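Next up: some structures, all given as structure tokens.
First chain A sits with chain B, and in the next complex the same chain sits with chain C.
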Partner chain A sequence: MLSELEMERAVFTLRKRDVTEWLARLLGQGEVIAPTSGPCGEVIFSKIDSPEQVLWDFENPLSPPKQFVLPQTDPIVRIECKGKGTQVAPIHDNRRRFLFNVRPCDAKAIAFLTRMHETEPADASYLSRAAETTVISLDCNAPCTLGFCVCSDSGPFASGGSDIELTDLGEKYLVAASCAKGEAALSGMDGLFLPATDEEVAQRDDLESEAKRHFGDETCHFGSAMRRISTGRVDDALWEQMSDWCLACGGCNFICPTCYCFSVGDRGGDGTWTRCRTWDSCQYAAFTLEATGHNPRAQRRDRMKRRFFHKVSAQYFVRDGMAGCVGCGRCISVCLGATDMPAVVAAIRKRAWHEH
Partner chain B sequence: MLNIPTTCPCCACGCGFFLLARDGELVGVAPSRTHPVAAGKICSRGWSAHEGPLWGQRLVRPLLRRDGKLEAVSWDAALDHIAGRLQDLIQAGKPIGVLGSPRATNEENYLAVRLARAGLGTNHLDFCYHSLCRPLLAGIEDVTGDSSHSIGLADIESSNTIVLVEGDLAKTHARAASSVLKALASGARLIVIGCARTQMARVASCFLPTVPGREGDTINGLLAAAIRTGPTEGRGAMPSAGLEPLQCKLAEVNITEEMRVAAEWLTADRAVFLMGPGGGDAGRLRQDAAAMTSLAVITGHLEKPDSGLLPLLARSNVRGACDVGLAPDRLPGYSHIDDPEARRRVERIWRKAVPIGSGLDAEAMLESVSGLILLADDPEAVLPAGRRVRAAMERLDFLVVLDAFATAAVETAHTVLPIASYAETEGTFTNFENRVQKVRPATAPPGEARDGWRVLADLCTRFGTGSAWSSANDVFHEIAEAVPRYEPAERGLSAGGWGSSLIGAPAWTRFALQGAAAGPAEADGHAYVLALDGTFDWGSDPLVASSPTLRREYQSERKLFPGGFVEMNSEDADALGVREGWRVKLNSTHGEAVVPIRQRKDLLRGVLLAPYAFRDCLSGVLCEHGVTAVNVERA
Partner chain C sequence: MNTDVFVPQIARIDAVRDETPDTKTFTLRFREPREEEAFRFLPGQFVEVSVFGYGEAPFCIASSPTRPGAIETTVRRTGRLTDAMHQLGIGAEVGIRGPFGNGFDVESARGKDLLFVAGGIGLPPLRSLIWYALDRRERFQDMTILYGARTPQDLVYKDELKEWETTAGVELHVTVDTSSSDWTGKVGAVPVLFGETTLRPESTIAYVCGPPIMIKFVVQDLFGRGFQDESVISTLERMMQCGIGKCNHCTIGHRYVCRDGPVFNFKQIRELIE
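For the complex of A and B:
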């Protein structure tokens, strides 16, 4: 076994032809979830049956791997009424899973979710699933079209969050385990992983610099927006104007790899119920509706303001150690209106919504 | 996790998404960039579309009413009972009706049509929402000779000018509203006709404030302005009858500066016209729709491939229901019931004679048939008469309900057949763009529920008009025979992938131009106009009402105001001395009602709006046609 210090820098290489062998071993240990060719030409994260299904050259799937740690409908408690007594038992999903070839932004998002759910009061349901999940990320040598991960320090190369970081070096992959869980996924693979040379590690750093150059100046400048949002210096009139370009679909929340707000409901009857956690959206009017009929965020502009305060305010940055956005760009694809993260951040920076 | 590509069962936009299922249970929804309608963007209803089937109160066993109570029986017992009871009614000469549904697939509706006309020998055939959208479709047909025309959302996005008769597009058809926003972002002009500064009105380039019931005046103004502006060169090649009488009719119409400018914008290269079913007098609504269609003709946009009119139908499969002949007077493909050639075509397929003459529509049917087969619908939730429909339902000698959900209709049913929801069955929906799209099962139906098309096929067989259908595709194959314009879709559907196939409408030969009816004379002494907002209540639809996420959005108002409310302009409320939640007394020639008000700054003065869901609370004061002149005082 490597010491903890060494494990942090346990860096290997893996020949591309040996990837199949590694995946086959992982399949023997648990579920492997990876980007695959889904129905209708869509790339999706799904459970694979054989190593060949894993995509290596792909646009990041529209749906993030969040469904595998925090499903949209998530049974958390079983409730049984027998006679006079009521039994309540937690439901824990302890299936061992490998999230393979997730992009660095998504890996960082899972780390964000885990940190949130670890914070007391800790969420045992989420954590039991997360504890059995190993995140294996693949760096983006060429950034995707809509991403702005450099703005939130979440990519294009792994920046915390992956248990194992893969980098495509051409002939082989650089394989860096960053924790015991990552290390375990590499163990027992006799001869498959060779220690990486200093040159190979340097090659990774060159590729990272090259990948970051792709972004040029086209970043969304969280900085000045964060200052204005944190200090309440965004005009209500601007929120109002922007909110007319939001259709309250909730898509930005549901597709966001870091959004975790939920509601709770009971399914069943006849003495047995399953309490489920269900994804919720802070953009829905009734999200904050109180039983009296009072709604502290009755107007759409207030809900929008709240969302962006949570995502990019200094207050939350300090609490969470990062912005609540990993720059994956998915909200641009799903926004039914025009109020995706870069559009709103740009409007706040320019103090004006785009003219029409 | 299974990712099943399917079509959204909610509004008529027809977005596609993946239903996610794990261990045989629905888990969620994932959007897809590759779907031709959705292109990755779905609305709140789509995002929670898995919840209705998962959380809903599902029908899981066939039920038979004995001594006033519904009891579980076997499928054979239920089907035998239905066949026996309906045969008895037929032999006794009692009328039988069939109501299909825009929530059902084309395959289910088509078999319901065949069962009614060929099996039960009745032309009493319709669907409840038809009562609301019929005037709109008829108005389009009056001008073009055909009501199946539409355009696509892509046409909205590439248009230069958009005319919208506003209900509340952002809420009723959010995906279409998304296309409007996209067009605006690329510089298009939006002209909105409506009684409130809704979201679409606020982003519009031109808002034409219009009191409910007076939409025709505004459309006539636009028509007059468009005629004065004159046709754009090279447009309007199609012969149009009725221009001169229309000019005479419009001679006295007041053209405002806004209308003149709007008409100028309509000379642009591409323009689209969006109009949904409205509330009020059916004859007036039909003329309004005809006038809007005429505006599209006069400005030369109806004949252009990427311009034209989009009827904003409410539910996923309204278009398909019309296409397959779910109407008292039409055969599959819109031919009139007495058209000899069309009769021969379907009689050859059905191997049975079809009765002659139009049947009763949904509202009339409920009042007068003895036996009724109700497929996937809840008349009191849909029809304008609301809860008053229940008395008619209770009066029925024999009511069969086929549904996936335990709706209010089940409470009066004599026999209940549990069928699969959209998430568990195979079939097609046709969206408002005329796109036939595949619906696919993500899980098995619960309990003993069966595919709706199988149950209807079984009933067809029992009434002597069966065929050897072994799959929903077989049924679609037959639809393609009966409805010629569906034939090209068959290959697209079987090709895999989304199974989304745009079908054409027949080519036009000439247009008959029409203006709108002038608005009602100033109501003597009545200061306000009371109107219903919208023509469809998602809050009482099982897919929305069963979903915990959506129910909260769509039903919170009725929990807070169980007796309903009317929305009133804030200045009007100040003038009356009433505040939010205070009660007012409404008085019309029809009667009176006392309801609380909610204030709205964006509503025109003198207009009172009540959500369609609250029509029952206002039945005392609302006249039959919905739009009613009222007086208001503090209660």
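For the complex of A and C:
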């Protein structure tokens, strides 16, 4: 007997041999984006043509699926200045899409992005794309190499953000819709999904506890870092010291699933332009450079401070309902120096940064 | 009516006036009359102006809401977009998004003396409020305007300065850092003008706009004369892109100059942590 809550959440199981059929049906309804094997064998999120391309056992790709709701170059306004006056029109991307097998951390990051873009004044350009996107996440039965999602309540099992949660139960997947959009993506699939039993739901919970047990001690303790950052109680000398190990490359911003800072510019010519939003990086000096030449964050240390204030301060935590970090660990692999999230949080907590 | 936050409304340049060798005032009129009627703003608010093909940049509205119709922006040539804007003539079309920002709290200034202290291109945002106050003259007590620029030719709104000089109930003092042969007025940085006037700090609101160095010395002087943090008001400048609190270029801590500002009093400015 399913509990009332589970009835509400529409929990099913799907036999592994039926996954191909489900994906084939989803492909008939829209684009399916999934982790696939890239040209050099690396794992990348890309649009698939056939169900076999989807990877099920994979390390999370370095580039998060953020690009499918917030492209690096995002056309937002069409501008025509030809003949009789200027014409402007919004550009909305209404393609129906399924983000398949994204990890819970990345699903939570998309929820974070959506919440930000919903804040008044709502951003119709982003929201139209997000509205047509169904996020189907795959729980992590074991922690990934660098992840610390347990510290930011973003994993290893779905923790908000997924429209449908998949859990690998061995012979089958548990399939749980968490909202109407998720339920819609499961409907009309006659025969594929079977109602889950209490035992199967309990199995999921056991797997979650088991996965959490496998996280090491060296994770990311946000609490004390947040207290210090929020009250300006991190010595400038510490920021200065840490900033020596930041190359200001912006890599951490671009691979971060929650970073969304952007610039706006016109592309095109001859009277026809596309106004585009493009990802920008708070680690670049030009991010705050004013037309007069004045720059309030000309120093790298001030830009680092800014990045961690936005991600870890209580002020932003209150506004966004979560830290601006889902613990995916990508900044650890991309950072050319040593100023990734856990390193900086540890340094602030211990009020010292390790000497290199 | 399009409500998409990034889609500008179209306006035509109605007039262009040279203010200084590198600064012009543009009169912008919405192409759609109903958009003009619907456009309501407060002194101190700003608009994002599109120069198509170059993008957008924020400019304060230099005209007053008491004089509806076309709006004015005063633009100094300092980069790609403003260079391009300076090439535009009457009839050219630009985009407008806005108004954005909080604007000056004109209600809490009722019954007070108003002191305006501006340096160089810092006068445009105050001009909106000055005309507002002149058009609602009965709501305010004494009005004092202290204005300085690098040289006489860098003074903006030269005709209006003459007009304000002879307006009853307005005290205007102007200074320049470096004189020229035909300059007969004061020479020196803006704070020298405090010697020309008598202020009542307890019943005055001071609006200070200009380059950071001027603001620093002017507010030191004001606090020295007994002004309280809450009654010294400025507008902050930051690099901006979206104007609506999304892009994060203009943040100071968790505050956004584009949404929480650009107008702040000094109590608020001191509470901004970064």
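Annotations for the structure displayed:
In this text, the second predicted complex is superposed on the first by the 346 of 356 C-alpha atoms of A that agree within 3 Å, B and C clash if a C-alpha of one lies under 4 Å from a C-alpha of the other, contacts with A are read in each partner's own complex, and residues count from 1 in each chain.
As a convention for this text, contacts are C-beta pairs under 8 Å (C-beta built on N, C-alpha and C of every residue); 3 or more make two chains touch, one makes a residue touch a chain.
What you see is a predicted model; the values in this text were computed from it and never measured.
Taken together through their common chain A, the two structures put chain B and chain C side by side without a clash. Look at A:Ser281: by the touch rule set out above, it reaches chain B but stays clear of chain C. By the touch criterion defined above, A:Pro39 lies against chain B but remains apart from chain C after alignment on the C-alpha atoms of chain A.
By the touch criterion defined above, A:Ala124 lies against chain C but remains apart from chain B after alignment on the C-alpha atoms of chain A.
Using the contact criterion defined above for the overlaid structures, shared-chain residue A:Ser333 touches chain B, although it does not reach chain C.
By the document's definition of touching, neither partner reaches A:Ala180: not chain B, not chain C.
Of the two partner chains, chain B and chain C are each touched by A:Leu289. In the overlay built on the shared chain, the residue A:Ala298 is in contact with neither chain B nor chain C.
Judged by the touch definition given at the top, the superposed model places A:Gln67 against chain B, while chain C stays out of reach.
Once the two complexes are overlaid on the shared chain, A:Phe262 sits against chain C while remaining clear of chain B. Between chain B and chain C in the chain A overlay, the least Cα distance found is 7 Å. In the superposition on the C-alpha atoms of chain A, the part of chain A touched by chain B in one complex and by chain C in the other spans residues 263, 265, 280, 289.
Contact residues on chain A toward chain B in their complex (touch as defined above): 38-42, 44, 46-47, 62-63, 67-68, 71-73, 244-245, 247-251, 254-255, 263, 265, 267, 278-281, 284-286, 289, 293, 333-338, 354, 356.
For chain C in complex with chain A, the residues that touch the partner chain are 2-8, 10, 31, 50, 52-57, 78-79, 82, 93, 95, 212, 237-239, 241-242, 244-249, 251-254, 273-274. For chain B in complex with chain A, the residues that touch the partner chain are 1, 3-5, 16, 18, 20, 22, 26-35, 40-44, 46-47, 50-51, 54-55, 170, 174-175, 177-178, 181-182, 184-185, 187, 199, 202-203, 497-498, 548-549, 552-553, 556, 560.
Across the complex, chain C is touched by residues 76-77, 79, 81, 85-86, 88-90, 116-117, 119, 121-125, 232, 260-266, 268-269, 273, 275, 277, 280, 282, 287-292, 294, 296, 302, 305-306, 309-310, 313, 315-316, 319 of chain A.
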